[in-house]
């Protein structure tokens, strides 16, 4: 893990535990997410990847009975502490979901939403930021002539890029992706992967994927989870070439999962 | 396939095709089920095992849009012919499902139901047959003192054995099992497997299983299905040791499925 | 992210959260307010009528003297009308529910019946009164009788019974149907031996809710002419000689609880208003009891079942 | 409906005038008590006109009426083969009432006419349009519906022609509704039978007509004019052949004096009462 | 095999039971079908009765007069048959009711679906259902004897019968109707959309108003429309409390008769069969049915749409 030290950590989970009611889904996890890098979370189905990811923007606060233990630092703020409002966390850390979930509004309004919830009213500013976000999400050219169209009329891959634009619009410090391409066809997947490689120049990315190929293709760091625990973390090349745990190896060879 | 000829066939599918509406799920299947033997149907998920099994008691007749082509002989009757009432077929060929599905009635009534649908009223006869069926299903000792209890209070394994007793009570000529242990823990699974090995002394068994170990452990014949087709059929030892198709081999080695 | 930026976010957020909390309070108050107004109105009514609720009130006929008046003919009438309503609507509604859920195939007849049932549920109850007046009273010549009222209310709650029956049947897992079929049961055997017994509780719940609705219905019974001075009971359903059961009560003139209350509400004298309040309190207690029973039954029947 | 009679407990069916209703209700109540459930009586309110329509269609045995039967109704009864006898049961004073807060105490028939004649429709909407000394308040009228005998009588006497009335008022065959309306509306004026005023004195204020207040005395001595009148029941002679109807009507005539006083009407003088009884007996 | 055959033919008694069984199944299915068809028969009967009697009515009164006349005095010597006064009464009371039920019902629905703790929701919902279970004649009592006096202490000139009080109480009664259908619609909005909004840093209210509400709009409008239909058809509250004078007015402080109240008023003195006033209530009833039918169909169409979207 030495390489890490040279990189600035953007977020850091320390002794993190998470419980769905009495079910212990994330166990004692320590994880450092380096700034402006892509960190991939992999592991067999049900191991807690999604659960861990959603701790980073406190999505679990939406449902009763969920409980965190430990700390997650975003820069120097412990975002699990009581003083910090989960909404504030979500404004700093945005998220893209597994299934594209654009709002049933126009394309423009979907992207503008992130600004509007913040109370932004200035039309020209919103216009400008929407355009910029759509450009960053590599969608601008395809939709610039029909910003008033309903977002639901876009194709799956376009919808997902729209969701990325939506996540980008308010300059988040970090973006969480939960298997963002698992509902998409290979071509759409490729364009989203390409997009992500570019995004990391501005923003820190933490991504859950069940495709090892995907993780190998474009992540810088990889964390391997197993039964709620974090078994392995390191540069992607290291984790893939010489994993230090037998389970990691088994998983990578397709024996579990 | 020579060994077959020495055994009396109980049921035989000839050029069987089955369609869910326009979806062709079972393709040109020929299969002989030898009398008083256990025949296992294996194959990757979605290959049509359940579909084929349910042709043998015409369960598909329950839903509109389903269509059979070809013949299935039970002894000398073509049970797919128009003259034969599916209800009659089901009285001769009973079935045990994947998930134990006892009726929310007493243990006794669950088993007795197979007689009651046939209009049997004689209490002493019913008592006797229920006891016999429960004994054959190796459940009698566990439940004899609480026949009036609700069946839903039994454990999963007991429930499945109860379903077997229910299937046995009216002396069927053949029983179909659709992954009967997939919802059970290993101990319950073992007891059901043991039970089936005994049952074959009285009754012909056709079983779908997704566990190759299970098929290898106690079936006499194995049929391998792939994409709706019947690729391979023979004694279990033959199919497992020297399959004649490469897909069978791939499946058995865990490469597909 | 710079600190000033963060500061900005926080002030903005505080404002939004205040609005959010304000709404949470408003929403809670709205619900509280609706329920409290209702409870307040009911209590007000109960208090002004409570002194009239004595055993005599239940055992006396209506009278021109408010202090002697009671609801004997009204509650007996309600009971008998409900009996007829249940006898007609339950078999008809349950049978329709079974047909729609278990038999009907996707064709235009099924669609027609479905659309029709949903639409019937939205027909104003007074229209059933007109149907009763035109059809039962005059064409079928049933007169202004318990039978006519029972039939009318039965048709009125039919959609409720049908819809709840269908929901009850839908809740039964298909695996039980397949289990019965696999043992050689015919369709009707499957339904009679399994589906009906297992859905009995939920169907009963729906029937009770339907009847509690029918108990409170006033308008459709008014049109068939139940608002008269009725100070007697219908004929007894039992009689001395063979066959011991008499159906004369079906044809008897009658009154029912909500009509009796309506009658008293339209009287100006304060003493009659107290009677109206008392009758209203009894009526509310009747419907509430039925609803509570229904809720309890639903809970009780669901508790034992883990398919 | 005949089926109702053919089975079960013998039933007397009565409908008609709301004015007569309180007496008939009282008689029915006492009668059923006396018979201890062996005979039953139903009494409805559809107004005198409504009552006669049913009576002449053979749907009722007895019709309450606050005016004598009209020619058209006589014809209807005749063509349906219904014969009847008319029995007066009491005297009534049609009472004009206002909200208790109303300063008025008296009104003239001319003012009533100005208020109620058809020409007033949509025009006379305020009290001071009738008499400039009256308040500048909205005028809200309440009165019996068109099937009512009281309506016929009032329009005849006040407007000069039976049934001629403005129609933009709250009409109800049930006088209780009128009482409620007037008692809870500051600008209201209404009219109906005396018994309804008598029973709700606290909530209403009756107006003297041409200076004479309605009361049992003014009716008795004939000074309450022109709005006092006899009220009747009509009994179908066919129905009278049934023992329960006969028993009821006899009971009615024997007790009407006392019960009509009780509910707020003026009993008939005893000679008229005797006449009625002998008319009934001559039927047999 | 022959033995088996023998066994089979021994079972050939089964053949007869089989035929019995099959014909019994057919008969049962037919009986059940008849039962299901009885609801269609009810509709046909309703339409037949209403249309049949209305035809007699329209033989004497022209449809134009019926639809455009501004006076409704069918019982008087100078009979006028314009339905507009009754319509105005119906519309005013319904509008007042909607002014109560729509905002309160919607707020309650948003609160229950997006804000309330599940436990609170479990407690509150049956209580709201109770609101809907109370007999309407009791609501009529409330309107006439409790709410009107309270209103009169604020507006002394308010008549004892008035549309305001009837409408307010009717609105109260309809709240649970609006809230339960709207809540249903909002809760069927996929979690993904909700999470998408929360993940952008929206508050509960922002999520509710900007994402959930618009997504559920067809279901919510179905709730509104069905509520209007309910108000239009409501009878006892308006009969008891709104007044009986058919007059063309848009002022809720007035008294006025609604279509339903007129029907009740006329049938109270159970009207003689076959007269013109007997026909008027069927013509009024037909108008009512057509109004509610249109509303219900739109409502169901909208409700179906929201169920299809998600």
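Chains: A, B, C, D and E, in written order; residue numbering restarts at 1 for each.
Keep in mind that, in the parts below, contacts are C-beta pairs under 8 Å (C-beta built on N, C-alpha and C of every residue); 3 or more make two chains touch, one makes a residue touch a chain.
For clarity, every value in this text was computed on a predicted model and none was experimentally measured.
S.K.: Please give the intersection of the contact partners of chain D with those of chain E.
M.R.: Chains that touch both chain D and chain E, as defined above, are C.
S.K.: For chain C, which other chain has the most distant CA centre?
M.R.: So the farthest one, by centre of C-alpha atoms, is A.
S.K.: Comparing B-E against B-C, which pair counts more contacting C-beta pairs?
M.R.: Counting C-beta pairs in contact for B-C and B-E gives the edge to B-C.
S.K.: What rotation angle, rounded to the nearest 5 degrees, superposes the C-alpha atoms of chain A onto those of its identical copy chain B?
M.R.: Going from chain A to chain B via C-alpha fit gives 175 degrees.
S.K.: When the centre of a chain is set as the mean of its C-alpha atoms, what distance in Å lies between chain A and chain B?
M.R.: Their C-alpha centroids are separated by 47 Å.
S.K.: Can you give the whole-Å distance between the Cα centres of chain C and chain D?
M.R.: Computed from C-alpha means, the inter-chain centre distance equals 38 Å.
S.K.: Roughly how far is chain B from chain D, going centre to centre by Cα mean, in whole Å?
M.R.: Result: the chain centres lie 85 Å from each other.
S.K.: Just curious, how far off is chain C from chain A if you go by their C-alpha centres, in Å?
M.R.: 52
S.K.: Among all residues of chain C, which ones touch two or more of the remaining chains?
M.R.: 16-17, 144, 186, 225, 227, 266
S.K.: Could you say which residues in chain D touch two or more other chains, in rising order?
M.R.: Residues 15, 44-45, 174, 177, 180, 183 of chain D each touch two or more of the other chains.
S.K.: Taking each residue of chain E in turn, which ones touch at least two of the other chains?
M.R.: Answer for chain E, listing residues that touch two or more other chains: 21, 144, 203, 206, 268, 270, 273.
S.K.: Under the stated touch criterion, can you name all the chain pairs that qualify?
M.R.: A-C, A-E, B-C, B-E, C-D, C-E, D-E
S.K.: For the complex, give me every residue of chain D touching chain C.
M.R.: 1, 3-4, 7-9, 11, 15, 22, 25-26, 28-29, 32, 37, 40-45, 174, 176-177, 179-180, 183, 199-200, 203, 263
S.K.: Residues of chain C touching chain A in their complex?
M.R.: 1, 9-10, 12-13, 15-17
S.K.: Mind pulling up the chain E residues that touch chain B in the complex?
M.R.: 1, 4-5, 8, 14, 17-18, 21-22
S.K.: Give every residue of chain E touching chain A within the complex, in rising order.
M.R.: Residue positions touching the partner: 117-118, 190, 192-203, 206, 210-211, 214-215.
S.K.: Note which residues of chain D are touching chain E in the complex, please.
M.R.: Result: residues 15, 44-47, 50, 53-54, 57, 59, 118, 137-138, 140, 145-147, 163-165, 167-174, 177, 180-181, 183-188 of chain D touch chain E.
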